[in-house]
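The structure under discussion is supplied below as structure tokens; questions concerning it will follow.
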Amino acid sequence: MAHKKIKVGIVGGTGYTGVELLRLLARHAEVELTAITSRGDAGSAVAEMFPSLRGYVDLVFSDPATVDLSACDVVFFATPHGVAMSQAQALLAANVKVIDLAADFRLQDTAVFEKWYKIPHSCPDILRKAAYGIPELNREQIQSAQVIGNPGCYPTTVLLGLAPLLEQGLVDFSAPIIADSKSGVSGAGRKAEVATLFAEASDSMKAYGVAGHRHHPEILAQLKQLAGQEMQFIFMPHLIPMIRGMLSTIYVKLSSQAKHVDLQGLYEQRYQHELFVDVMPAGSQPETRSVRGSNQIRIALHQQAASGYLTLLVVQDNLVKGAAGQAIQNMNIMFGLPETMGLEIVPLLP
Amino acid sequence: MAHKKIKVGIVGGTGYTGVELLRLLARHAEVELTAITSRGDAGSAVAEMFPSLRGYVDLVFSDPATVDLSACDVVFFATPHGVAMSQAQALLAANVKVIDLAADFRLQDTAVFEKWYKIPHSCPDILRKAAYGIPELNREQIQSAQVIGNPGCYPTTVLLGLAPLLEQGLVDFSAPIIADSKSGVSGAGRKAEVATLFAEASDSMKAYGVAGHRHHPEILAQLKQLAGQEMQFIFMPHLIPMIRGMLSTIYVKLSSQAKHVDLQGLYEQRYQHELFVDVMPAGSQPETRSVRGSNQIRIALHQQAASGYLTLLVVQDNLVKGAAGQAIQNMNIMFGLPETMGLEIVPLLP
Amino acid sequence: MAHKKIKVGIVGGTGYTGVELLRLLARHAEVELTAITSRGDAGSAVAEMFPSLRGYVDLVFSDPATVDLSACDVVFFATPHGVAMSQAQALLAANVKVIDLAADFRLQDTAVFEKWYKIPHSCPDILRKAAYGIPELNREQIQSAQVIGNPGCYPTTVLLGLAPLLEQGLVDFSAPIIADSKSGVSGAGRKAEVATLFAEASDSMKAYGVAGHRHHPEILAQLKQLAGQEMQFIFMPHLIPMIRGMLSTIYVKLSSQAKHVDLQGLYEQRYQHELFVDVMPAGSQPETRSVRGSNQIRIALHQQAASGYLTLLVVQDNLVKGAAGQAIQNMNIMFGLPETMGLEIVPLLP
Amino acid sequence: MAHKKIKVGIVGGTGYTGVELLRLLARHAEVELTAITSRGDAGSAVAEMFPSLRGYVDLVFSDPATVDLSACDVVFFATPHGVAMSQAQALLAANVKVIDLAADFRLQDTAVFEKWYKIPHSCPDILRKAAYGIPELNREQIQSAQVIGNPGCYPTTVLLGLAPLLEQGLVDFSAPIIADSKSGVSGAGRKAEVATLFAEASDSMKAYGVAGHRHHPEILAQLKQLAGQEMQFIFMPHLIPMIRGMLSTIYVKLSSQAKHVDLQGLYEQRYQHELFVDVMPAGSQPETRSVRGSNQIRIALHQQAASGYLTLLVVQDNLVKGAAGQAIQNMNIMFGLPETMGLEIVPLLP
């Protein structure tokens, strides 16, 4: 009997998370790319839009209005917010798993969702059963989930950066946790906009979303859950003239008992079996390029003795561990495959 | 009687602060470029090394060992640390003013200087009379000074960003002040080093100097003086793939009385007569390119109501307001010229 | 009696040539910026869209439908093709000079214009009297013109690069002249398009417009006029990941009599009084950054003895000598001002 | 019996071709990395210098003076010119194959070698038996060779671009072939030099090596061999602000019989079984990023009907098909492995 691969559909394949899913899935040993949709480009070959895929992807974009995804085993949504939740019900009924790379299944509090995304949540029942897809924090729930809310890029860095401290109760919450995050421009997506033109975004940088970024409530909700308590959290994203890459510099006040803990050792132990989380040697200053194109996330710890603060440096590729790679990691878990399958990629340096 | 221009000498003209001094001074109406030295390139034309200066600078690099700078009215040192203090005595004796763009005259505490720069301070008497060259904080002292310690690039952003708060006693020092600073690569200078090669530093970013950066003690000393008290200060510099430009994101806990103060108004008033300090409208997110090539510094305020923190965004061109431009601004003050002379440059955008 | 400055209007001020005109004109001693129009942004402050202009430009965008430009002395059109020719008649009637930075007045052959720009030419009479605005080739005609067709960016490099050879009859036309040109991304304008997004155009390059670029007929027409004969011309533009800057590498077969000519000397002599044309020393390899932000154009000659070819390297800033700077140079000539006024800018390096 | 992998040694592992060999070989199913040498970094872990390799490469740099490479099956030289030829004799005697990524075994004419590389050739006998390692032109010779001269990055693009024409005698040699080539900065290597600093090479471009580039004689020798005749060849390399990527724009005069040939069809047929050579559809304008990180080379043809010229656009990743990838392709052939093993990498886009 022929070996049966996982049939994968992708809704919304013309953005950066879409083409990144294609790059990774095209070489995944247990995946058969079945369908990829695009409203604007239905009928044209995927490899015509993305010549990097010539020879690896033979698919033609399908019209989302007419394609039948019910024959898929899993569908990835690389779409704007709101699309996945409009189709999840039907797919689940057809026994198709759903991995949403947008925000539809990230926030359990629908009031918060509606405040930040300006649309009502159309399937709170499905949301309640959805797993928040950071395997290193949530593996068991992912294993049995039918729907994954794949996390935002920023949240992945902040949550994996802080988890060991929060799990051990080593944070002093009298001061806010501050995440000063920096992202490459691909994080803004493949939309035609003046602000992200080369001649605007190159050789320059800025903070953005200062009045309020959608990843703030997502991070805060998860932080509270990890800590089991309320807290203040300041989040400040910045746009950096690089294509891929994200660095979160996190400032956190340590509790008094943290003084007696070997934090470097704590982190190394917490992540010792996590193949995609690399706790760097003490004193490291990880570069974003050290994870370019890979699903790796690297964490370095720096203690400011005088002030009692810990500074965490967390780097990832925003399109891989921050999006498509983590989605595939979730898929691997959901289908009982080795978690690293299709993701054993050496970062591209230089 | 012929009008007498200021005779300017530059020691160490082959680095980025040197060529930036030349770019600006070449068009300064009251300056006559008299001599520029370089150990390695003595005898060759300046415009051969920097073709951008063809037609504007006719000088030939002089040998520092043989050139006589005593005929200058002022000498800029765009050299490694330690050079200015070895020559200051002789120049002052010849009635030549000294503006050092390195660190020799920035730190009044020579023990701190020696700890961070690994050389003894050779002229503490001169140091005591030197002015720390941020005109907006220190104009009177600069007016009468013979020696200027031109500030580091990072300190300029942090000090001008925080001064209005500190002067008014609006900071709660129970939490550390945090400066998460980002710099273009030109800040590392024009030295042949692997870490700042294009293929290393492009399309990537990182924190650096985490274990301790020389601008930390410089900033801290000035902050203490502005505040009139001790405090904790966390400084985290980052290297960004852009040529010029610096953004400091500053997190500061406001005192309780700050709640009753219109901080935006306070800043606008504090800097209303400062032509190079631009307090941006509320809600602004200044880009570094908005000051590219100019002596402008732009400050935006963002209040985090919930946590009681203020976040300051401060941008400058690290080679202009952060180095050569501010040095010329100091020169203008020392010689009684209009402070903006030679510095009225519209930033280059795009 | 008060000195009367030139009243300048700009139609279409939100693109890169528009903001570049503003950057340069804001510091022009004899110009009074009177009006700037934008359909989409009427009513908003120019310096709000371009914070780099804060403190230098106080204008508000006017609605092009209602603004009266007849009080201007000169109007620059930094608009899409077709706009200038629709307004030129009325402006000329009001004694307002017109400088069009688009293509309406570049091609004397209206059939060629209509083939490439897909619109009929609406004022061939005005076109006939318009001057093609390269001062170094056409100064006298510009002096007395009421309408200037400001040249394309690529044509400026190719024509100034080849003029001395063509004027002296030193080209062998049995082989085509080949211009392999490279442009920074700002040349594509400030339009929201996927192809020029940072994440698309950065860290990559490509040829474009290979099937036919609009500057080909413009260059060819001028080359023929300079040579007084027909010829073959191959033009191949490339998009380079830099904001500004243009390099044309020109391959031309020399005639047999050229062997007896000192070409380096010929070029130096031809341009000895041209302040914006810099013939580099023999052996030079000019960088585009050596002219960044300035109106300079630099030319280097390299002879391939074996093949009888000459290779010319010509660099300019595409937004300055290739657009706004040259337009102002033309304005200076039309109004009898010193040709360099407002354009004596030292290139920004690094 | 345990499966025996190929034991690989790398001499000179700290440059870009070295780390690229490591990136690719680390995931090669039939390779066991045995030793990697570095004079300056002997004793330190490879993954310490290149954190991108953490988890993939456990090797420590060996001292080249003491390491015994005779147990290897093949040794790659990622060294300066001259090193491979000094060690080849001994390795061959120990039955170790040699793949040199420098120039020692590229030029059969030792006089030419000595003229351009300024060192005498120390083993002309070995040179005579060495194969020039472009598999698509030279597969049979590579299969049986003990020593490979892995081609320069530029030559690979020019030769694969022109081979179909030359093999069919479709070039008119009365005009020179012109290659206007553009390379990313990694092509200059990982040496500390001012000219390739980020702040020098970013946001700018230039031609270089105009007086004579070492790849000129290498290309010319191979072109002559392909054509079976003398010719003129003009080569003009340019430095582009991107990390990786190379585009050669090649201008070639077609012979009169070429008019009757379907050149697009000719190229498609010539390369139809070559997995790494992709003839793009007619009208294509390939971007360098479309091959980023992969061993692919893409060729597009554009005919200039009027002039009788063909323009070829050829893109590759200079570090992969232009260096390390092609070297591994050669290794695969030498050891009878599938030619694509370890090289089936989807390019990284964006």
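Lettered A, B, C and D in written order, each chain numbered from 1.
To be clear about the criterion, a residue touches a chain if its C-beta (ideal position, glycine included) is under 8 Å from a C-beta of that chain, and two chains touch if they have at least 3 such contacts.
All figures in this text were calculated on a predicted structure; none of them were measured in a lab.
Participant: Tell me, please, which chain's centre (mean of its C-alpha atoms) is farthest from the centre of subunit B?
Facilitator: Comparing chain centres, D lies farthest from subunit B.
Participant: Applying the document's contact definition, name the chain pair with more C-beta pairs in contact, A-D or B-D.
Facilitator: More C-beta contacts join the chains of A-D.
Participant: Averaging over Cα atoms per chain, report the distance between subunit A and subunit B in Å.
Facilitator: The mean C-alpha positions of subunit A and subunit B differ by 39 Å.
Participant: Quick one: subunit A and subunit D, Cα centre-to-centre, how many Å?
Facilitator: Computed from C-alpha means, the inter-chain centre distance equals 37 Å.
Participant: When the centre of a chain is set as the mean of its C-alpha atoms, what distance in Å lies between subunit B and subunit D?
Facilitator: 46
Participant: Give the residues of subunit D touching no fewer than two other chains, as numbers and ranges.
Facilitator: 16, 184, 186, 190, 199-200, 202-203, 241-244, 286-287, 289, 292, 350
Participant: Once bound in the complex, which stretches of subunit D touch subunit A?
Facilitator: For this pair, the touching residues of subunit D are 16, 19, 23-24, 26-27, 50-56, 186, 190, 202-203, 243-244, 275, 278, 280, 284, 286-287, 289-294, 296, 298, 319, 344, 346-350.
Participant: Can you tell me which positions in subunit A touch subunit C when the two form their complex?
Facilitator: 16, 184-186, 188, 190-194, 196-203, 241-243
Participant: In their shared complex, at which residues does subunit A touch subunit B?
Facilitator: Listed in rising order, the residues are 175-176, 178, 180, 182, 184, 199-200, 202-208, 210-211, 232, 234, 236, 238, 240-245, 247, 249, 251, 253, 283, 285-289, 292, 302, 304, 306-307, 309, 311, 313, 315, 350.
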